[in-house]
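You will see two complexes here that share subunit A, one where it goes with subunit B and one where it goes with subunit C.
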Partner chain A sequence: MACMNEDGQWIVLMGLLVAVGLFFLALIINQSALVGQTTAEGVLEFPKNDIRDLREAIFDYVDGGCQEAVQKDIIAISLERKNAVVSFSVGQRVSISGQQAYPVEIHYNNGVTEYDETVYHY
Partner chain B sequence: MVNDSGQLYTMEGIAAGLVMLLTAYLILSTTSIYTPGDTHIPDMQLEQLGSDVLAMMDTPDTDGTKSDLEIFVNDDNSTGFEDMFLDYCNMMASDTDTLHMSANVTYRDKDDQIKEHLLVEPDETWTGRESAVRVTRWVQLDKQTNQMRPYGSRAQAVLVEVLLWRA
Partner chain C sequence: MNERAVSEAIGFIIILGIVMSGIGLVTLYGYPVLVKEQSNTDVRNMERAMIVIQNDMKSLCFKNVPYKETTLQVSGGTLEVINATSYGGFINVTNGTTQFQENYTVGALTYRSNRGTEVITLENGAVMLRQEGSDGSAMLAEPRWFYDEATKTFVVYIMNITADAYMAKSGMTTVRMSLENSTTQSIPVWPGNKVTVEYKSGSSGDYSTAWENYLTGTSVGMERTAIDGKYERNDVDKLVIKEYRIKILDI
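Then we have the complex of A and B:
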């Protein structure tokens, strides 16, 4: 034991440091895959297009003269096919900056995302 | 003078300790397997593409006219709808993409029932095991005097649903 050769100790130490460094770099690469996944999941989960589309459908409903049957269509089909509770109402015309606009109240809830808006539709 | 004859054993001990910790970490982490190649990312891109295509089809050429989407749905024009949709979503800078679709229209009939009408049948690439995404768009149909379309003749809102997959 007393005459063991200890010349290479620094090399061993540096090798260890490099190995630990590589290990942490690998951990970071491993995490980067999760970033893409959670982002994509978030985008898929959030009903951005549904809400935009619903707003347009409601504006079309207002333009079409607020027919009660169309309103029932939108509410019933939203619940059946989009799993979303939708309600909306149109108020009396008001004057905004000299233009006549309908105040439209929109409520949307699909259990994950809740969306409420009051918008003035010309 | 400090006696440093045991240093190599200390190094060895630390190295062995690290190796054991690493092994324990690897074994424990195998219980939760994350697959980065999961379909979420292509699904997201496909859904966005489909929504954009429907938005393009729903945009009229000039103000006050009907959009192509509304005309296709109103006339129950299966081939016109399919051709335009596939043309738009397979558009690429160089080659064409290989997307396929089917579509149906959900409507509320006069007995207050929600019914579905198959607008575009799926083609032969559809096996039921595709990783398909569903994109939708509301369409408002005007009142119609001659009973032509399958949804009824009153003014109504229908939901166009498109299944989109890559094959």
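Then we have the complex of A and C:
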């Protein structure tokens, strides 16, 4: 025993170090698995284009003389296709920096995103 | 060096003894912990997989996608699909009068752990967890019911799971599903009447606690009535019920 060559002991030591390192790496990977799920979903659920489409449809409705049947259609289609509860109203013309504009109030709610805006349509 | 008291045999026996007791300790204490950890990991993976399936169902229902499939690993348990008609669970919605009162049956996707007591269920668009043999349950991912304050509209989504046969599977699984049809009902609620929802759990277990916490929470804002499993909400002008039929073609 006393005459044994012990030069290779560092290999065993390195092995131990690598094992400990792998253990901590595994712990970190395990912890990070659920991160990102809700964030990604939140981004997907923001209906930017739906709101833009709705706003455009409402502007057409204002240009077309605010027919009640069209308003009902817009509300029904929003609910049927986009699963969103929508309501909007058009006020009396007001003067905005020298131009006449209709104030349009838009309300949009699809259960995830609730959105309200007042926009002036010339 | 003087090595008169050194015996290789005794040294060997001592080292062997230490090694054997080390292995013994690991087997006694370490192995059960390992098995438990494995079971926990399986359940956690399945929770995530269920949320993925829930998102797929949301795509079918809300995003006009006709067909979806997801491949997932079901380990440490079994995933089963229960058809709405044989499930037994339903959601009853009324507008506060006897004129509108309807039972909506819902099916379920259920995962039961082999080693643990966890049961995960995807029912009516909600992912829920409970422990077999205990009363409580919790909602991991919520469905999308909501109440719109501005228009006083209450929107209820029903996701009805149908399957041609009773299906169950372990291991690598591909869940294939498609949207069969959807219907929208818009029911007026007269002033003074309250929208009432009744939840009755089906064969995958009692999830009434999870539903109670969800329905009485902030997004839906209902109140519990004196009768168990019934919830009501006042100040509603319009009740909208959207029912989706999702067909699970294969798992």
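In this section, the second predicted complex is superposed on the first by the 80 of 122 C-alpha atoms of A that agree within 3 Å, B and C clash if a C-alpha of one lies under 4 Å from a C-alpha of the other, contacts with A are read in each partner's own complex, and residues count from 1 in each chain.
Criterion: contacts are C-beta pairs under 8 Å (C-beta built on N, C-alpha and C of every residue); 3 or more make two chains touch, one makes a residue touch a chain.
Just so you know, these numbers come straight off a predicted model, no measurement behind them.
Partner contacting the larger number of subunit A residues, of subunit B and subunit C: B. In the superposed pair of complexes, A:72 makes contact with subunit B only, with no contact to subunit C. In the superposition on chain A, A:51 makes contact with neither subunit B nor subunit C.
Shared-chain residue A:107: touches subunit C; no touch with subunit B.
Using the contact criterion defined above for the overlaid structures, shared-chain residue A:9 touches subunit B, although it does not reach subunit C.
Contacts of A:64 after superposition on the shared chain: subunit B is touched, whereas subunit C is not. Within the superposed three-chain model, A:85 lies in touch with subunit C and out of touch with subunit B [touch as defined at top].
The contact surfaces that subunit B and subunit C form on subunit A in the two complexes overlap at residues 1-2, 33-34, 37, 41, 80-81.
Contact residues of subunit C toward subunit A in the complex are 1, 3, 6, 8, 41, 44, 48, 51, 55, 61-62, 64, 144-146, 148, 150-151, 153, 155, 184, 186, 219, 240, 242. If you check the complex, the residues on subunit A that touch subunit C are 1-2, 30, 33-34, 37, 41, 79-81, 83, 85, 87, 107, 109-112, 114, 116. By the touch rule above, subunit B contacts subunit A in their complex via residues 4-5, 7-8, 11, 14-15, 18, 22, 34, 36, 38, 40-41, 43-44, 47-48, 51, 106-108, 112, 114, 135-138, 140, 142, 154-159, 161.
Residues of subunit A that touch subunit B in their complex: 1-2, 4, 6, 9, 12-13, 16, 19-20, 23, 33-34, 36-37, 40-41, 43-44, 49-50, 53-54, 56-57, 60-61, 64, 67, 69-70, 72-74, 76-77, 80-82.
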